[in-house]
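A, B, C, D, E and F are the chain letters, set down in written order, and residue numbers restart from 1 in every chain.
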Amino acid sequence: MKLAVLMSDYRNGIDMIDRLSAESLGIILVGNGVYHAAVKEGGKTSSLLDKKANFYALTEDFETRGITAANLDSRVKAVNYGDVVDIIFNDYEKVVWI
Amino acid sequence: MKLAVLMSDYRNGIDMIDRLSAESLGIILVGNGVYHAAVKEGGKTSSLLDKKANFYALTEDFETRGITAANLDSRVKAVNYGDVVDIIFNDYEKVVWI
Amino acid sequence: MATKKLAFIVRSLPYKTEASRLALTHAIASQTVEIYLNDGDLVEASVSYVGDGVLNCLKGQQGMKHYGITTIEGHAKNSLLLDMRVLICKEDLDKFGLTEDNILMDAEDIGGETKANVVSYGEIQKEMDAATHILVC
Amino acid sequence: MATKKLAFIVRSLPYKTEASRLALTHAIASQTVEIYLNDGDLVEASVSYVGDGVLNCLKGQQGMKHYGITTIEGHAKNSLLLDMRVLICKEDLDKFGLTEDNILMDAEDIGGETKANVVSYGEIQKEMDAATHILVC
Amino acid sequence: MGKLTIGTFSSLVGSLSLDFSVKLAEAAVKKGHKVDFWMSGNATMLAKKGQKAFKDYSFLAKPIQELIATGNFQICACEACAEARGYHKEDCPDGFIRKSMDWYLASTFDADRVLHIGGD
Amino acid sequence: MGKLTIGTFSSLVGSLSLDFSVKLAEAAVKKGHKVDFWMSGNATMLAKKGQKAFKDYSFLAKPIQELIATGNFQICACEACAEARGYHKEDCPDGFIRKSMDWYLASTFDADRVLHIGGD
């Protein structure tokens, strides 16, 4: 399946995503999930970004938290709400919120 | 200080407790915190129980979740709401909720 | 005439929030959905427990005794009574050291004939693959 | 005549819940508490950021632009303007690779004279030891 | 154009999860999609008349009324969840409906995408 | 006998955190202590008249009325938090008061113990 995951959490839920298998996987970082895109702990980026997937982060949400597009990991693309609608409808068949 | 911690969570907050130092520490497991008293993961008991502290678990809350007093780790004492009041007022000076 | 399949995936612990309870009550509501649909159209729900979610299945929950509320176990029983497909992740039960003896597997005492299925995670992945929509709770 | 000390400890991430925002608004309310108390009696609040809580202090939050709500940064500024004692855990900043340049340290632009203090966890522990009550958020 | 069904359980007034749902609905309607919006659990807090706008809290009543006015947006609260919280028929904002949970399940039937925000 | 001040931010109707606070207050009052009970954030949901008892949800209106009747229990909701959620003066249950946050801070002044439930 082609699956889009809206990841809204920073401390929980990676275990769930780690197990997911999909022929095409998109991970859209929203809410506190945006910290995965920009925060390093002990110098390391979030292990979530090692998953084979297309990564997006919602501009409205990372900017709200004091993060700028320049802070994002190079694997993550900044998107807005309109883009999220298109990604969900055009690029994937199902969508889940974690 | 003498500190009572009401631990209400299973997946978060251990980091906070790990750092706390108190001459006398009581950890009262309530809400989803009661899983620390009874659940083993990969055969191991919760690392929270390795902390030097007095451990209590709220009977009303572990029974609600399908856990019996017989399931509790030997370091943990079953208490009820009335006991929690006495513990907070008589045995410790301050109380926090995590 | 069509059937749409919904896969409810319960991954959260019970009681701290309403998430797992509402997952079950919503899944059960699939049984009365026909009033809104054309003849022959159906919405079919299954419930899978994964990760911490398997702890929702512990037997002997006493929420009514202590807090005056129905238990998650009771809702899970109702879903079996209504012949819903229920999957419980074996790897996660193993991780917690739980066996079929510890968890709710049937609703025989209230007349249910369907049993819960303890399955490998791969089966739950297949359930998600086959579903029209996936609802994670 | 007595002063009671409250130590607010912010350990949660901003925005997903109201916890960190309410920590700050409650701490700030200590400034108007005299109307309820006898002359000379006081409640003095401090705010310490630990663990994930230090991410509340990031500069440049744009909640007003995107969601029409005041930012946590704005509340933190107000607490400095009111000369509240603000402690930020150095070890946790280090863990996240953050320096004083990345975080809100003063409220100079709105006329505040008090600065936030980046301190080792040991100082925050002392703050808790010295407090009459500890309020974790 | 498609149909998006959003179901939300427990997003909180004062957090940004409920704001997310409303903003996504706005973006979808703007692109010509239809949106059904279901509230259960604590999300039914949105289905209460007379919410006051403060700058510290999100104020979603206005964007929702604008969405309803487009004719491409339905919003429905779980009736039992609302009653349990003391929200009665007369508390329900204009243009909102209240139904039992099967309304949501039915809405998924012809939805192209279902976004179920099932936790807090 | 002592005084316990309980402050709660965001415990949810339908979760058991709010139940915990109320049960602890009951136990403390029973043992002769006085309890001040402060609700802010989503905990103000408790300060809404007309909540209906369903067996799937906790129903805390009754134990709270009994606590109020003892004379050793004060319960107060954050006024702004309530208004933001559309709860007005007329929605407030009998015996509850509504104040700004300094009420809570003041209550801690002579409290022997303060239990602050600051998260969800």
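By our rule, a contact is a pair of C-beta atoms (placed from the backbone, for glycine too) under 8 Å apart; a residue touches a chain by one contact, two chains touch by 3 or more.
Keep in mind that what you see is a predicted model, and the values were worked out from it rather than measured.
Each chain's centre was taken as the mean of its CA atoms, and the one lying most distant from chain D is C. For the self-contact between chain E and chain F, the two sides draw on mostly identical residue numbers; the shared fraction is above half.
When every chain is reduced to the mean of its CA atoms, the largest separation from chain A belongs to F.
The chain pair with more C-beta contacts between its two chains, of D-E and A-E, is A-E. Centre-to-centre spacing of chain C and chain D amounts to 43 Å, using the average Cα coordinate of each chain. Averaged C-alpha coordinates give centres for chain D and chain F that are 25 Å from one another.
Rounded to whole angstrom units, the spacing between the C-alpha centres of chain A and chain C is 28.
For chain C, the set of residues touching two or more other chains reads 15-18, 25, 67, 132-136.
Contacts with at least two other chains are made by residues 8, 11, 31, 60-61, 64, 94, 96-97 of chain A. Residue numbers of chain F whose C-beta contacts span two or more other chains: 10, 12, 14, 16-17, 41-42, 56-57, 113-114, 116, 118-120.
Those chain pairs judged to touch are A-B, A-C, A-D, A-E, B-C, B-D, B-F, C-E, C-F, D-E, D-F, E-F.
Partner chain F is touched in their complex by these residues of chain C: 15-18, 21, 25, 64, 67-70.
Across the complex, chain C is touched by residues 7, 9-10, 40-42, 100-106, 108-109, 111, 113-114, 116, 118-120 of chain E. Chain B makes touch with chain C in their complex at residues 8-11, 31-32, 35, 39-43, 60-61, 63-68. Residue ranges on chain D touching chain A, taken from their complex, read 13-16, 52, 55, 58-63, 65-67, 71, 73, 95-97. Across the complex, chain B meets chain D through its residues 1, 3, 13, 15-16, 19-21, 94, 96-98.
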